[in-house]
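Shown below is the structure under consideration.
The letters A, B, C, D, E and F name the chains in turn, as written, and every chain counts its residues from 1.
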Amino acid sequence: MRSWWYADLTWPELRDAAASGTGVVLPIGSTEQHGPHLAVSCDVDLSSALAHAIAEENDLLVAPPITYGYRSRPLSGGGQTFPGTISVSARTLMAVVEDVLVELMRSGFKRLVLLNWHYENANFIYEAAVLARERSPHADGVRIMVVEAAFAGLSEHAMEVMFEGDFQGWDVEHAAILETSLMLHLCPEKVLFDRAVDDASARHPSYDLVPAPDDFIPASGVLWKATLATAEKGAVVWPEIVAGLAVSVAREL
Amino acid sequence: MRSWWYADLTWPELRDAAASGTGVVLPIGSTEQHGPHLAVSCDVDLSSALAHAIAEENDLLVAPPITYGYRSRPLSGGGQTFPGTISVSARTLMAVVEDVLVELMRSGFKRLVLLNWHYENANFIYEAAVLARERSPHADGVRIMVVEAAFAGLSEHAMEVMFEGDFQGWDVEHAAILETSLMLHLCPEKVLFDRAVDDASARHPSYDLVPAPDDFIPASGVLWKATLATAEKGAVVWPEIVAGLAVSVAREL
Amino acid sequence: MRSWWYADLTWPELRDAAASGTGVVLPIGSTEQHGPHLAVSCDVDLSSALAHAIAEENDLLVAPPITYGYRSRPLSGGGQTFPGTISVSARTLMAVVEDVLVELMRSGFKRLVLLNWHYENANFIYEAAVLARERSPHADGVRIMVVEAAFAGLSEHAMEVMFEGDFQGWDVEHAAILETSLMLHLCPEKVLFDRAVDDASARHPSYDLVPAPDDFIPASGVLWKATLATAEKGAVVWPEIVAGLAVSVAREL
Amino acid sequence: MRSWWYADLTWPELRDAAASGTGVVLPIGSTEQHGPHLAVSCDVDLSSALAHAIAEENDLLVAPPITYGYRSRPLSGGGQTFPGTISVSARTLMAVVEDVLVELMRSGFKRLVLLNWHYENANFIYEAAVLARERSPHADGVRIMVVEAAFAGLSEHAMEVMFEGDFQGWDVEHAAILETSLMLHLCPEKVLFDRAVDDASARHPSYDLVPAPDDFIPASGVLWKATLATAEKGAVVWPEIVAGLAVSVAREL
Amino acid sequence: MRSWWYADLTWPELRDAAASGTGVVLPIGSTEQHGPHLAVSCDVDLSSALAHAIAEENDLLVAPPITYGYRSRPLSGGGQTFPGTISVSARTLMAVVEDVLVELMRSGFKRLVLLNWHYENANFIYEAAVLARERSPHADGVRIMVVEAAFAGLSEHAMEVMFEGDFQGWDVEHAAILETSLMLHLCPEKVLFDRAVDDASARHPSYDLVPAPDDFIPASGVLWKATLATAEKGAVVWPEIVAGLAVSVAREL
Amino acid sequence: MRSWWYADLTWPELRDAAASGTGVVLPIGSTEQHGPHLAVSCDVDLSSALAHAIAEENDLLVAPPITYGYRSRPLSGGGQTFPGTISVSARTLMAVVEDVLVELMRSGFKRLVLLNWHYENANFIYEAAVLARERSPHADGVRIMVVEAAFAGLSEHAMEVMFEGDFQGWDVEHAAILETSLMLHLCPEKVLFDRAVDDASARHPSYDLVPAPDDFIPASGVLWKATLATAEKGAVVWPEIVAGLAVSVAREL
């Protein structure tokens, strides 16, 4: 393929790709606060980078990413009180993903991946996949892989390298060790590491409250210790995430 | 209160309850296959029983439950291929919960709990809570607690009693040890225990596929070893779940 | 059938029921003020009881009822100013009923009944039936019976027993003679008969007003003379309602 | 007023009308089969004529009518199998009426009437009125009168003249004695009376079926004896309908 | 055809028309301020008149027009600040037109024209046509012609007669020379020509602003020189518009 | 500003930007066939580049662009039959833009620009702006500029340079002289100029047809003579487009 970015190609190239069995991965992220040291694009940067990293091996074009995700929830993203975050409602997110899938099916693509890196998008993108298959007249033979948590299933080694025995759960890994390390590894120029802080909400229960009380939300927007991040950690873990996803895609599509 | 079931009361009683600061808990469940030994009402039976168990202590009326939940997903509920399961779309589930919350606020209730026992409803009911507060002219002073996984946070002891060291994850605890044990404890007459089986999907990845391949779905609809359930396990764990929730509600509302 | 309540059964039982031609009746009601003497569940209690009463004879399972109905209208239910009433919008009611019907068709049920006991749900549930058949890929051979007013067509004798020559119209029979008598007959423990009152709106025109003027709405929420109700009246009329419905279902499905 | 048809006026005239307290009546009808002798515009012709007849006396402008109504139901309109009928869905009808009401409130009109002549529109237009008031920032002081059945409440004399002692119910008065008589009185040139027939469905139960069986639907689309209509009957009844409505509007708005 | 107005016909006549290949044109307009001299019905008067003018030649019935159009935009209609204008939202307009098209297809009509005379409806009615064809099970062989600007393509001669060398663009031809001239020609009794004014917005950029600044909106609602209109101009241009459309329809349908 | 791309910034930077009066421009484009020589990203490349070009001068951050636009129409984009094009429905496009605007207002931004480069998005994005202002509780003092056609208003000189006296209309300037020249000027590496062709639909009427006939659609997807494009033409015209927009923004916001 001349480029694995869908956006770079012309329609005859896309027509030929579909005809030859190439698939499409749609990166899904957010435009969401990620503390004082990471850009609001962090989630979509990571899902896009991950999509591109597997593109050639899995014969998948990377569609223009979904940059606006579902509302930030306080306990996994700091919530909707931070300026700068731009979220969409559940209905809107589902509508966009559904429409894009329907169009990809119309174009003849059969191997489709929704690749999400924003916890709050879970379930909504699954619903979009279900609705798209129901609606499309071109759904025969189409398989949609829905990856809601791309980092699930890291090896014990990777977990140890990344968290050094003090893993606090994926929900607080927002703008914290994992994401900061990956960004330091992938595009250090987008990280203002000198502004990174260690922070946490005063409490972090297993339920949610609407509206969220102040003590659910760390002032910085960092949900755990961002200063523990290093490019080296990212360099160890990223290839494992990429390889894990590539194997999964190869198995399923 | 003459009864803690909202449905049993008259409007003057409900008016007085709202005026005196009583809250409302809305049990949310599903009508979903739960193997050959549990009724399709299992989820809503459990969320309703749990709601009622905390009602007096937390001064909460139990609203008529949401009996139809979001689509069953193969890896946590067996999926939509089983006859008997009655699910609703994401938009429908959100609309119902939003409308009910708006009406409770109109009636003057300020302390509201969404108490869910069906993994697939997560995020959708949170969105409903957000939308209801945005829309209601009576939202001032209202706090909505969103309990998406009521059993999160069991003690090590309870986990050991229930799973005997072989816990496989909450997602496969569908129609399996926990739910069967609780039903044996709470209403054994609804359990056809002689039909209980041990089953599992051939594989259980961290992503989903639409449509789901056959090897994601155990033929029985049981996602793990239902035969390991006992009423005694239920009798140990249930009070802990109830107490945990009651403490949380008392803290927040 | 081991139970005629759909909720009590397991999926293999429901699969077999559908395969053998058993149908499903969906009781539809409301959570609506019914005066100081009847529970807000009155409508759904009656539609559920009626559904169960015909279940065996008509080979119909009773699905989990729709407990939240369309907005209470002042002239037939007292309206939306009473605390305690929980109604849903037209769009929401239609969405729920449509989704449930689509799922019942997917499960293989062909004989379906929408059994309503809440005047305000009329037309909305008919629309849901139309939409469900349009949308379902399993609609062939399905027939949906839409019973919007289950008590229509009482004999002269029953009318005379119930109303003693002073019938004021079905619209004001809200929390009044008929409903109170039926509840006294069916579950007297849910009736606070000593709180029953005779009431009426100051006027009751053939049109409606939004917002409703105060003189459309009796303060008690009772639209006519509840004290005239007796269990004996209920005992005469209920079997006739049941039998009439059973005959109709047998004729049509 | 230069004209009582809203459509005939210029915006300064409408501005002044609103400022001076003039109200607006919105005729609502259908485009629906009315047998071989009446035009499909019958319902909207009647609601428009009725609106115009009370306009001056009640100081109400007649807005451009809603010509497309909710789906024809077999037992009250013959149903959706007739070519020529153009109906809209419930959601669409509600959306149009809601939007029109919101705009009338924005323009400053406070006295609003929804004047319906198509049984199947009932409830939907009420919901539209509720939604419009909730949504409009100009709802203060607005009163919306919802007339779902304009002919309700005829005198015994009028009933006797019209039906000669053989009244079969308003639902079968579709394209039958009342509507044909009124059209003969109001615009005889739109009646092909020589094509009028007497017809009826083979049966006419109190419930509905989806899809409707053939014996619910008379082949002609006439639900009762159209040949019994006369212009004279119309001449007696029409003034009574007009006067009754005028009195009601005067009382309420 | 006994009448070319769809509304005048009976269902057997419409059935026969569809069977014989007659098509349907749906006039679409607005209820929108058109200055102090033209009625708010101007747009729908013109689209209806145009539809009727081609009806016989093109064998097209004229369906009841869409009288409520999309929101008036300041730079092409004066905007939504004028009292008297009644607009609907985009979703509502699309829903109505979609439903009407679906019903026309159900009735068997294959040759369909959306004939618009209100600039702001563009794109929305195209979407409705796309959605209707996707949804209808009777779309085979149907062709929908979407005429968004009926006056496009006037001859140089007509342009010269109408604008005398000073054409300012179609967007400001709102309540100005063209529309006033056509109304003077077609129904002079609806024109209050003595109130006609020459007006213009203080500026008229190629972009829009929400909310619109005052200097986008001429106080009169007339966007250009209405006093230059004459019945004679209308008499020259109207036949050319009619003939142009008739030729186009004949070519396409 | 450290970067004028919104996505590059952290939430404290965005908070400060909003507080200091910086605005936001949202580029809107499409993922649409642009012939055999231009990438499907052409529209969004151009709207993004244009947004960035004015960002500093107008103190506007460039939000993550809307990459999926409304359906391609045959006469202005070749239509929806080309593989590779990914469009969304009208409802989806409006929902996304509305939600993004509401969030920008919540974040405190007051100066907002919708900058479109895809003809088919017109009207839909205007509606989104209206809906967003109606819905947002933070709309006071917000002004939204809606630029539907960024290239409107080129000087005669620029038009002459670009089209050499043979301008065929903006609608056919799809993948043709203007867009190809601009892309050659801005990012020649994305242009496969050796594949550029001259093409045109066999006919190009002023109305549309659904479905589109083949002779509305040039086989290449190029609507006019792409080979006439040069980087030099782009170099002349681009600065004029940028300057024109910058002046307009400075005037309005």
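Operating definition for what follows: a residue touches a chain if its C-beta (ideal position, glycine included) is under 8 Å from a C-beta of that chain, and two chains touch if they have at least 3 such contacts.
Keep in mind it's a predicted model, so treat the numbers as computed, not measured.
Can you list every chain in contact with both chain B and chain F?
Correct list: A.
Write down the chain pair with more C-beta contact pairs when C-D is set against D-E.
D-E
Using mean C-alpha positions as chain centres, tell me how far chain E is from chain F in Å, no decimals.
Chain E and chain F have C-alpha centres separated by 28 Å.
Distance-wise, how many Å sit between the C-alpha centres of chain A and chain C, to the nearest whole number?
One centre to the other, that is 47 Å.
Find every residue in chain A that makes contact with two or more other chains and list them.
Within chain A, the residues that touch at least two other chains are 89, 91.
What pattern do the touching chains form: line, ring, star, complete or other?
Per interface graph, the chains form a ring.
Under the touch definition up top, go round the ring from chain C by way of chain D and list the chains.
Chains encountered around the ring, chain C first and chain D next: C, D, E, F, A, B.
Please give the residue numbers of chain C that touch chain D in the complex, ascending.
For chain C paired with chain D, touching residues are 70-71, 73, 89-91, 94, 120, 122-124, 126-127, 129-131, 133, 143-149, 152-153, 205-211, 213, 248, 252.
Show me the residue ranges of chain C that touch chain B in the complex, using the header's touch definition.
Counting only chain C, the residues touching chain B are 6-15, 18, 31, 33-41, 44, 63-64, 67-68, 80, 82-89, 91-92, 95-96, 98-100, 103-104, 106-108, 190, 192, 195, 221.
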